[in-house]
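One chain, subunit A, links the two complexes that follow: it is found with subunit B in the first and with subunit C in the second.
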Partner chain A sequence: MAETGETWAGETWAGGTRAGAIRAYAALVGGKWRSMLSYRASFAAELLSNVGATVLDVTTVFVLFRATATVGGFTLAEAILMTGLTAFGFVLADLTVGNIDDLKRYVRTGQLDTMLTRPLPVLPQLVFTDLPLRKLLRLVFGAAVYGVALAVNDVPWTAGRVLLAAVAPLGAGLFFGAIFVLTASFAFWWVESGEIGNGFTYGGRDFTSYPITVYAHWFRDLFAYALGFGFVSYQPALALLGRADPLGLPAWAGFVAPLVALPAVAVATLAWRTGIRHYRSTGS
Partner chain B sequence: MIRMRDLRKDFSVRVPAGRLRREKRLVSAVDGVSLTIEPGEMVGYIGPNGAGKSTTLKMLTGVLSPTSGEVSVFGLTPVPQRTRLALRIGVVFGQRSQLWWDLPLRESFRLLRHVYQVPPAEHEQRLRRCREMLDLDAFLDTPVRQLSLGQRMRGEITAALLHGPKVLFLDEPTIGLDVVSKQAVRSFLAELGATGAVTVVLTTHDLADIERLCDRLVVIDHGRVVHDGTIEALHARYGSRRSLVVDLDSPLPAGFVLPGTSVAGVEADGHRVTFALDETSAAAAVAGLVAVASVRDLSVVEPDIEDVVARLYRAG
Partner chain C sequence: MSGIDARVLTISPDRPFRASITTFGALAWSGFRRYSTYRQATIAGSFTNIVFGFLRCYVLLAVAAGAVGNRPGGYDATQLVTYVWVGQGLLAVVGMWGWTDLADRIRTGDIASDLLRPVPPLVSYLAADLGRALHAVLTRFIGPLLAGVVFFELYRPHRPQTVPLFAISALLAVIGSFGCRYLVNATAYWLHDARGVQMLWTLGSGVLAGLSFPLRLLPEWAVATLWVATPLPGLLQTPLDVLVERDEPVTQVGLVALQAVWAVVLLRLAHVVQRRAERKLVVQGG
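And now, the complex of A and B:
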């Protein structure tokens, strides 16, 4: 019996190291990957249908632009840079935190309980447990659209613009990621939040796919400036193209625009932290 | 080690009031619970449906923040120090699975080893013990979604123990299990408790779990503790006694009194009499009886905990 006692009592709590946490998340991703392999055929189908969906999204923009030579005072090529930046940033976010939308289900069913009793923060647990690997090919596509858009435009390359070209998609990705987390957090207060969060997330993406000059005044002021969507793709694209903002912001605004991700992440973190304290599990 | 002081949890729920209006109402799920649990104890939590057992466990494990009052486990406050606490406790919620649904059971254990960062040798040793004691080998390679409830529950308990927790919280670990699985789970927990290495706190509706496992019984009703002590103490408090049932050749004479007992029932025209053993032993009562009557058969009946608890719930 003494031997058994030693078996159970764990004196060495290795938990809590950063390297260990990274291995833990890697294991969660591995678990997701193997789970998917148990449904190989449907995984392949989803992978393909996801590419299809992205192709369709971008084609829609092309079709719209073909009808008019210019959009809101921008040429087709210039507008495509905004679309490409949005597409790339969005898929970065979607591929990492896109499935956070599932939080609704975890909250409604009380399944979040099991995540709360593990020695890891809940948000990364959810993200890595449910990494939407079926969206992997979207990433290639998003990057391609952005690359092509950079190539077809006459970008006056400088060191600053090279840096901006690299940072802008990351900023956009962080910004959209924050929106995903923020809208998902609604579920903590409002279990039947349904598709409202999604409407906001996808609406935001569609807004930033076009030059903001196409929108009506009050609508543009609200989304572009108050909510920050104007700094996700429109402003960085202006800076990359070396064009003055027809709406009057100074030229440097485009270079610092990716920083808009920081307040967005702060707001999302606050919403998440407050929300998780409101979690009330379920009665059974 | 586990300390609760005046712990409360209110839920605000919306209830229909009239045709369209819904009004807010507070439900006190846990209403001022104070308890201390020492290392090595096995505590059974019982109470009618909705009494607040699960809610209490959720506050102890860092799932829910208390509305008021204090709670500490190993000196940690569960919600703010959730991740540190998680390394030291094991949790089984009978109604929810912590296993990976689409993966073989073995894979879930492997993933949990990484999640809890358990050294491989320790993990291996504990898994080996669980495999032996809970007979896991037959379905270690079966995807969790294909396991029966009893098999899955054995997997859940293993999963909760692999990181070597000092306390194991189980919410209805035997719910829905057949007699054999229940027994497997009980004898495993009994052995685990007997080592003294793990403190066990469990909730159940099956009083046999308590009788088999727990030295200490906490009865909770409407969010309050109505009894805290041994099963014997519960019997003593509610005046439940052992009884002596005798079959007689002929009825007892009128006015017969057996010292230290009272007559609890007379059947079969006086040929069967039940004496409650108020203040005497069964042996003394039998000796007193055979001196005056011809006894054909007799049996001693233990008090029924189900009866006591049913009375307790009704009183609450």
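And now, the complex of A and C:
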């Protein structure tokens, strides 16, 4: 490691030596890969439980529809389109920036200091240090549910809908990614923020797994419109299905819904940058 | 002088029972005190439980609105609401997730010092866990319950025996959950890294204990199999069913008795596993 350490030392991310940075990230991922291979049984169990988590989320929707034909005015097939879109988008985010959840541990133990001394930005370091390869199978399953849902629903295909069908999971992934970064940034100000972030990341996933017509009052307004979760899966699904929004938003809202990821990413970036500047180490 | 000193509470030869009780009580109190120092975590955890309470409550109410007779799984709307909110509070009391103390100590080798103590690890961890559960009853249980009372209409039990039976059922749920967690953690004696097993446990326990939805929404055969063949419904579903009076009084007592049987089986199993591990234990670390 000494030699590689020296070659990185003179290089900075912002400088022209992008190749050096790529080598550094490759080394981080390679380290993760090797450590994973040394605990094969655990890795297999983690791979299984990860895909299992998404399987159970989808199964839950089927179980609930055993008791009733429609939930919040939507059929099983329509609801599965929202569940599938959420599952796909959420796993995209979880696979890439999901382990940023660990930021509080890095802040508490002071490990973040080590990362700050390296000539690489902290966010990609956090991402690549612990790239959760165990979540790959989950991504395949999430994409499959979304694909099947698109097939079983009677989607009146147009060029616009084809584009929307392709962009919506990416928008959902970006949005959830922003929520992951935003909630992890809490740790810069409140180290013991603990599970609060889960309420918005996993809570947001649960919220967007069902048509938002099932929620009521201020709770729906808060999550769907103020926080933007209503545009992650519900609105795009309405547009794909060609259904009018029972809650009154115009039909075009669904087609532009994936753009909600942009302000979310902007807010998350701002929170992250402010947090990094605010960080003064634990002092230990 | 304060009440804390370096004396070790040992089991005295002349008054063994009383000394054991004192030791157990002291260990439980230490568990209580440990969790009472995590104030911010308590607040953060309650917040998250409340968010999930809203999510699950609204989804189940939407299911009830479309179900035959508005009674999915035999629950009416107020019973479902109570099921969700008390369930969110009870989740923290039962504490199914996040306990890796034993596995961590096995991995690092610290377990060696636990084995030198005059109290077996199974007993000392059980005592500390009961202390943790009591702390959760006084803190984590309250938040979701209040949210349920404020924003929804909760079910009022009609039978006089319901609340005491719920208390017994909740205690058995804590013991059952502890037994399961001890067994999950104890796999570290053989695997060193129990994370995979722990993830499988976290995954299965929530759904199969009735957290995501009441298990009565599943087909009959699945419900019967889960109840008899696994301890999982006893961790949440049974106490909640007791509280919302889902079944006839006799059935309820029967379900709680089943929980008791599982609690004994799990503790016995944990004891056997611990003995087996001690016989071949190679302490890790330096």
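Here is the rule we go by: the second predicted complex is superposed on the first by the 265 of 284 C-alpha atoms of A that agree within 3 Å, B and C clash if a C-alpha of one lies under 4 Å from a C-alpha of the other, contacts with A are read in each partner's own complex, and residues count from 1 in each chain.
Here is the rule we use: a residue touches a chain if its C-beta (ideal position, glycine included) is under 8 Å from a C-beta of that chain, and two chains touch if they have at least 3 such contacts.
What you see is a predicted model, and the numbers here were worked out from it, not measured in a lab.
In the superposed model, A:G199 lies in contact with subunit C only, and not with subunit B. In the superposed model, A:T86 makes contact with neither subunit B nor subunit C. Legend: residue contacts after superposition of the two complexes on their common chain; A:Y39 is shown touching both subunit B and subunit C.
In the superposition on chain A, A:L116 contacts subunit B only, with no contact to subunit C. Of the two partner chains, subunit C is the only one that A:V63 touches; subunit B does not reach it.
Judged by the touch definition given at the top, the superposed model places A:S49 against subunit C, while subunit B stays out of reach. When the two complexes are overlaid on their common chain A, residue A:A24 makes contact with subunit B while staying clear of subunit C.
Looking at the shared chain after the overlay, A:W190 reaches subunit C, while subunit B stays out of its contact range.
In the superposition on the C-alpha atoms of chain A, the part of subunit A touched by subunit B in one complex and by subunit C in the other spans residues 39.
Residues 11, 50, 54, 58, 61-65, 79, 82-84, 86-89, 91, 93, 95-98, 100-103, 107, 110-111, 114-119, 122, 125-126, 129, 143, 161, 163-166, 191-192, 194-198 of subunit B are the ones that touch subunit A when the two sit in their complex. The part of subunit C that touches subunit A in the complex is made up of residues 38, 40-41, 44-45, 47-48, 51-52, 54-56, 58-63, 65-68, 72-73, 191, 193, 195-197, 199-200, 202-204, 207, 212-213, 217-219.
Note for the complex: subunit A touches subunit B at residues 1, 4-17, 20, 23-24, 26-28, 30-31, 34-35, 38-39, 110-111, 113-114, 116-121, 277, 279-281, 283-284.
Within the complex, the subunit A residues that touch subunit C are 39, 41-46, 48-50, 52-53, 56, 60, 63-64, 66-72, 190, 192-196, 198-200, 203, 206-207, 210, 213-216, 219.
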